[in-house]
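Look for chain A in each of the two complexes below; its partner is chain B in the first and chain C in the second.
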Partner chain A sequence: MRRAAVIGALLVIGAMLLFAIGKMPAMNSRNTPDKTHVIPRYLEKGEAEGGAKNIITGVILNYRGYDTMGEVTVIFSALCAVVALLDREKRGLSRSGPDASGVRSSVIVRTVVRFAFPVILFFAVAYMMLHGEGSPGGGFQGGAILGASVIVFTLAFGLPESTRRMPLKVRIPLESTAMVAFLSMGIIGLAYGVNFLTYLLPGVHGAMAQTVRNLMLTVIEVGIGVGGGVIFISIVFAMMREDKYELQPDVPQP
Partner chain B sequence: MNFSRMFHNLNYAVSVLLFLMGLYTVAVKPNLIKKLIGLNIMETSVFLFIVSIGMVEGGQAPIIVEGVKSSQMVNPIPQALILTGIVVAVSTTAVALSLCLKIHERYGTLNAAEILGREEP
Partner chain C sequence: MNWTLNLLLLLFLVTTAAVAIRLRDLLAVAIVFSAYSLMMAILWTQLRAPDLALTEAAVGAGVTTVLFLITIFKTTRRED
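Take a look at the complex of A and B:
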């Protein structure tokens, strides 16, 4: 009954949406309104104004810098919410992962992870973050790969080994790098008398100013990447720590 | 309804389909994790829709390299917006999953109907 009602409502919504897209302009056209107003300027002057060869990086860090700063705040708040709900992991308490069941992951898995881990890490930091302004990539993408590499390591070697290599006291300062990098680079411009997030150094002009701006954008990219990656790692560690409740419920069940 | 136009905008039609699949999962499945998966499918459909808007026939990535004119590039704004959207989606999913962990710890189940039935008035 309920399912039939839901399917009926979905058919109505679907018909309305399909009717709407039937009225939209053709997908691949160059003359749709979204590509004729501000986009030509972004594409032509993006490198001079945005400061990056990758125009998306320029848009994210320069044209829409405030937006991205808010976004960095969102992932930081997500970490705060997760930690408030679940607590930090503590070494010795956790029974999750391969160590909990007493079965270690196979030699093949551990060897492959041991070989692949540094390569993934290098790809994330050197290609995605540091070279993100001139090629596909950027801070958030590098951070996602960085986080994924440590999560793969955790799945193969267990949470105790992972928290031993990345202890809490290393992660806590790194989690805020994204916001710290953004704010500090933005405030430098304020001291010079221009707007927040303008990426200028006092007394630097001409070609040197371009280099300085590139450098500052790279600092922000690396900050976002490391900060985002470590935030994802901390969220996963906090969730894996909770697994002990499944083995040993210490909360009375209702 | 103009069906040939709709077929030309195939990405839009697929995103509508994905959206309905996600909405069906959220509305019908009682399991909270499945509801979350449905929510993520809906988010993905919106990402597909917005990125498709910026597409150009034979377009190049919006990165300035030798031999690619700016008129050949796709629209960079949807891609930048969706990068923001993906990060926010990941953050909300992380918070929702930790809430699910807490709910499972308290009730021993993730079935929404059972949880509602067990709640004291």
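Take a look at the complex of A and C:
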């Protein structure tokens, strides 16, 4: 009975969705509003207004700069939540030490990681972040790859070694880079008397304006990348950490 | 666009999605899900969205898989 009801509901919803797809404009149709208005506008004026050779970066950092800043805030909030729940190393509430599973992986894995790690790191920083305004990629992707490279290192060499090379006092200032870079670049616009997150400053003209804008965009990209990457690293470190403290009596044993 | 390649990718995508739902071994699910993300990343490049493809490959196949794996090792591997 219940199964039949579920199947019936699925069929009805599926039929409605298929009907809606039938009403959609055909794929690659040239008459839809996004093809007649949005894309031409971005392609014609994107580089002049957005300030980046890669239109996607221009859209993300300029047309939708507030949206991107909100995303950065969300990532930072995620770190705050994880640290509040899991990571007690900062507050000394417990004898929580590095993960006990400090077992080193096989020599093959360690050798491969030793050679691959700098290449991945270089790709993340040099191609993704620094060249993000002219090619695919950008701060978020670069940050994810930066974090992933350190995680690969951690998986091969263990958490104690990783936390020794990236101690807490290095990570704490880096975690806030994304927010700090975004906000400070936005405030530069305010200081010049224009809107928040404006990269075209009044009184700066010609090639200088282009240079200043590229510089600001690069600072934001690198800030998002380093900040996002280190936040990811900190979240994973906090999750891998093994809590050695005794459970409170009122906490049910798992 | 190469439609046979796209068809194969889409079929593999649907297969991995179905397998990820059916499997009871959560470790295997995480790996299959990462394969799903990889297929999705290739499809994004086929749709001429390289930015999205990079995001999918880095976040979908990399970051979420790592988080899933750590969670599985901290909790339990079997789904009952």
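By our rule, the second predicted complex is superposed on the first by the 214 of 254 C-alpha atoms of A that agree within 3 Å, B and C clash if a C-alpha of one lies under 4 Å from a C-alpha of the other, contacts with A are read in each partner's own complex, and residues count from 1 in each chain.
The working rule: a contact is a pair of C-beta atoms (placed from the backbone, for glycine too) under 8 Å apart; a residue touches a chain by one contact, two chains touch by 3 or more.
Quick caveat: nothing in here was measured; it's all calculated off a predicted structure.
Partners chain B and chain C fit side by side in the overlay (superposition on chain A).
Applying the stated contact rule after C-alpha superposition, one finds that A:Met239 touches each of chain B and chain C.
Legend: residue contacts after superposition of the two complexes on their common chain; A:Val74 is shown touching chain B, with no touch to chain C.
In the superposition on chain A, A:Gly46 makes contact with chain B only, not with chain C. Contacts of A:Ile56 after superposition on the shared chain: both chain B and chain C are touched. By the touch criterion stated above, A:Asn28 is placed in contact with chain B alone, chain C being left untouched.
Looking at the shared chain after the overlay, A:Arg2 reaches chain B, while chain C stays out of its contact range. Contact with neither chain B nor chain C is seen for A:Val12 once the two complexes are overlaid on the shared chain. Shared-chain residue A:Gly138: touches chain B and chain C both.
Between chain B and chain C, B touches the greater number of residues of chain A. Minimum Cα-Cα distance between chain B and chain C in the superposed model: 5 Å. The contact surfaces that chain B and chain C form on chain A in the two complexes overlap at residues 54, 56, 136, 138, 140-141, 232, 235, 239.
Per the touch definition, chain A reaches chain C in the complex via residues 54, 56, 128, 136-138, 140-141, 144-145, 147-148, 151, 232, 235-236, 239-240.
Chain A meets chain B in the complex at residues 2-3, 6-7, 10, 13-14, 17-19, 21-24, 26-30, 32, 34-35, 38-40, 42-44, 46-47, 53-56, 59-60, 64, 67-68, 71, 74-75, 77-79, 81-82, 85-86, 134-136, 138, 140-141, 228, 232, 235, 238-239, 242, 245, 249, 251, 253-254. Across the complex, chain A is touched by residues 1-3, 5-6, 8-13, 16-17, 19-20, 23-24, 27-28, 52-57, 61-65, 70-71, 73, 75-80, 83-84, 86-88, 90-92, 94-95, 97-99, 101-102, 105-108, 118 of chain B. Those residues of chain C whose C-beta lies close enough to touch chain A in the complex are 50-51, 53-55, 58-59, 62-63, 66-67, 70-71, 74.
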